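These notes concern the structure reproduced below.
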């Protein structure tokens, strides 16, 4: 493990985003680390999210004129400086005393969009007030549907630009690492946006009934809730947590504005595919009219290029900016975004792409038939 | 290795079924461990049984309404609360003084069906008397065919619901791990159900004759024995230990009621395929009219879902419940079943399946052509 | 490393052929070990020879009647008790003082055929005199073609049943492991069958000429030599060291009696395919009329069954019997053959094969399309 | 790590080219080693360059008459004794005080062609003067296009036979290993051929402009520069650093004389394919009329044969000769070339190829359909 970093400064040895991880481990206790680093069950999907990116080959393109290139994009009617968005992560005060406020500062400094979690440890209105970073609100549909509506109205009122409904976590995943660590929220960290919400009591199950089916899932959101939300808000409505082409097609049929292809960072159902493996399957199924974003496994600018080549308009990063946050607060989180954006630009230049739209599957390497389609793993 | 568990209590660190394995190792001597943990020869099949499950990807399904879902099934005319059956394992008093009686208690407590081995260290009648768990009887056809008939009659008389004939172990597999450990049954553990049976003497081989072909295999069961058993009992007749589509088709032709796809836990012929790899080949060959069960490698609720998606009606678990038994007796074995059932329900919910019948190959992820069909191994 | 074995006795822990390897390492010095264990260059082919076998899956077959089965075969007009032949290995007194004589005793005791190397450290006539094991003579075509003829005549006179010409080693392979160890024959070990042969002097190369092409290869055997040998002897003429379908087809065209598919135990050209991978390609190219034998990588009876399923009539073992020889002399070599034969019979029984002719590709497992064709490696 | 070698002598343990690497590590400080050994980002491509060669299988060919064979070739109107060319590597005085002069001596001694880098630490005229090795000049197009022209004229005047324009490094790759090591040129090592060149000042970026697109790439060479060079020199014009078939086709359209398939030794864009994987794709796209060379990963004579089989006319080696140079100066570099040439000849002989033109895809092994197309990795 590296030495503890000097508070609020970037450690000298950081050359890439992944270099922050050991520093973050150094800065966090076992409880917070189990929450941040862990995935569901045996953590296959968690590992695959990374390994799948490494196995995708670029073929580069030389001698193109990319002077004057840029990374700008327009999404759901707004302009963004680059396609690196901050994924919604709960309880960020677990990782740094400034929590979501520091993240918002980093996002503003680096012109990044930030997705704010329903389970943020800071009030969504306070986050909106801290700066001018573009904000989207991530919604967990609550058992109390009325309170859920209130959350949407609060996000709209606070100027959030889009509503992202997480649909892949109706029950808590089998977070064995957290269970083994006895994870719990420490004093002072709580989901403040849910204050005042009425919680359903422990369900009274009849003999033979199931805690999962008759208890936890009884209040879980369904497509009917999505239709209701569709009628409730004028914000762009985006579903997060889809790995299946069928689900994405259903979203398209219901007029959803966008889909974030995600396996919840490997935290819900283990052995879901790497999100980058699910992306092109979904992209082929829904076509270009439904904007897709990719969440999970991004650690390199080249990963962003690969995601865009396979059908994403933008990507979400999660653990990387929290590693920066844990290590050096807002400065660390901002540095992570900066590193990724620089790597993105270098990769675009080496692939002959001056604009994000120039990135398509032609920049990926296709081997000769009869050779393996993917290189050996490390 | 973990500390010894407190007798009869569940160790604090258990979050998943596999967590029991190191505790079981701690509780057993080398002799019993070699028998429980070992496989045939180089133990490739033993490892593949697990690895093959890990490489199968689910794609999940979101926003389905699964409230009121359940795990019930009907098989061979009986109802079962869930598809987790206890595989027939010999000599269970090797693993805990209460042996099969504790297993039967666990089965009853968790509404699980239990398959009782011909080589149980407890009389099959005593097991039937201890509780109300649904019982099937596993039969090894003995050289003494008359005694074999007696075993079937005893099982019928004791209320066993089905007869499972193990067909893949006519000769002892090359259990090199057991040989190296010098495995032998300790005093007090014996196959009590075979008491009184006449054993064939050591065969007198002519020069050039083979101990295998002319000795051991001379009394091995053949399809003719299966036909004879078919005429002998009204119980559902199930063959256990088939990995080949041809054998399963032959079973169907003979009117066998069901097949358990199994490689004997990797204990007979090394480099047989993982049973989960053999399952869909067999399912495609015999069609839906012959019920299949899957034995081998189940460690997660998601494994059960995968097995059902690939053609099984139910699954057998073996080593996992014995790890629980060795660690904490009936309580441990019951806990193992409980963990798997809960994981099964969570996985079903995250795959949008309210009932076992909803589980089919559509919940499995199919990658884009040109990407590898299976993810990298750990 | 294990303790030194008691001279002339089988160590207690041997349960399988591979168990002899560490004992052999213990009994040999670094010089002999480098020669025995090493392969060419980076030893990829050496490892692949083994790994390829492990990756081939059997599917077994149950309930067949195999009583009275056997392992006998007829090859080139002679009967053999089983298909485990001893590969020609040079300099066997490197591994045990009794060298080839001990090997011949083991072969006789276990009814195995033995291939005697041109480079044996014992006179071919002395080997023929020691017992009644069936013998084949392995011929390296010498620069002195007259002496080569004499060798053939000596083998014929001594009663050898077949002539095996090794064709894959016209130049010494890049035996880097031997080079690093500074391998040399110790005093008292020499290729006695070549005594009296005239050696060509060091070639005088003109500027720009190549030691390989103009020196070493100038005397290398070509197809013309094979045709000459064909006219010279009435013994069955077999070529050893072919991995390419084209070469095997050429052999068939010239009326060669048999081909041993072999990469010289990974000792000549690194990254040749595993011999078991080359076998079916060659079998498909030449059809059943040209008998094929398989050499390289056999460590299990199941490997023999796989080789026969993929087109071989018999197999050669090399390092395994030398591990036995180094550990326990003739007794150890005989035990190795015995273990393999027993495993062969058990595997045949579990695959429903009563005779070698019953073994064909149908006993191999074919996965569902879309699943990987080979399982993960250890 | 091995002991330090005796200055100017070949260590005793060297049996193959790769054996020089640990000695080179021993002789270099961390700064020089980071530069020599490192690749871009996570160094996937760096590893794949090697692993891809190891996974390609030869099938050999026996009994061909290859006496009188040779390794000569004609390329761009000149004859070469063998196809092992020395890749252009900058700053060679980092590795040995004699730097490029020692390399040129080794090239001359071993009849090898040497590509001299724009960033050589020795004047290109001095290198040309030191001996008679065939020289090609590697050109980095400089922001100062006039100075670039001067470099070309100097190379022509000094008798360089060809002009190789490196096109894959318009921006510095993400050399994280160098960054972590704080790599910098030590005193006394500088790109002397660029002395007197005017450097563009730090670009003044407007808000929202990008250092990559508006700064670094503003002066990067494009296809227009290549066309200008085409008109500027009569030397054969070769592009180095192409992994994409489209780029190679464009080069062919512009009348470029040759292409070096290369990923810059894994030093520019990580997850580019192994160059040997890119080669056949490009060869199939451009056909035989555009000569291809292969750069990256060569460590064995068999690698050279594989590259030629897949479409290359010659290969470049980089790190291997620098390992020799660092270990034993000109003698070490020469020894590396000698080892590779000897291995090349042995491999040709064992593949039945008397001349380079005899090497084609038929010497590669093609497995049976249904078996994996590549063997397991070490």
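In order of appearance the chains are A, B, C and D, and numbering begins at 1 in each one.
The rule we apply is simple: a contact is a pair of C-beta atoms (placed from the backbone, for glycine too) under 8 Å apart; a residue touches a chain by one contact, two chains touch by 3 or more.
Source: prediction; values computed, not measured.
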- Can you list every chain that touches chain C and also touches chain D? none
- Message: For the two copies chain B and chain A, is the contact made of the same residues on each side, with over half of the numbers shared, or of different residues?
- Response: different
- Task: Just give me the whole-number Å value for how far the CA centre of chain B lies from that of chain D.
- Result: 58
- Task: List the centre-to-centre spacing of chain A and chain D in whole Å, with centres computed as mean CA coordinates.
- Result: 41
- Query: When you check chain B against every other chain, which residues touch at least two of them?
  - Reply: 366, 372
- Message: By the document's touch definition, which label belongs to this structure's chain graph: line, ring, star, complete, or other?
- Response: ring
- Note on the structure: chain B partner, complex, touching residues on chain A are 41-42, 44, 47-48, 51-52, 55, 167-168, 170-171, 173-174, 176, 179-180, 208, 210-214, 216-218, 220-226, 239, 241-244, 246-247, 250, 263, 268-274, 277-278, 280-281, 284, 366, 372-374, 377
- Can you name the residues of chain C that touch chain B in the complex? 13, 15-16, 18, 54, 56-71, 81, 300-302, 342-343, 345-351, 354, 362, 365-368, 370-372, 375-376, 378
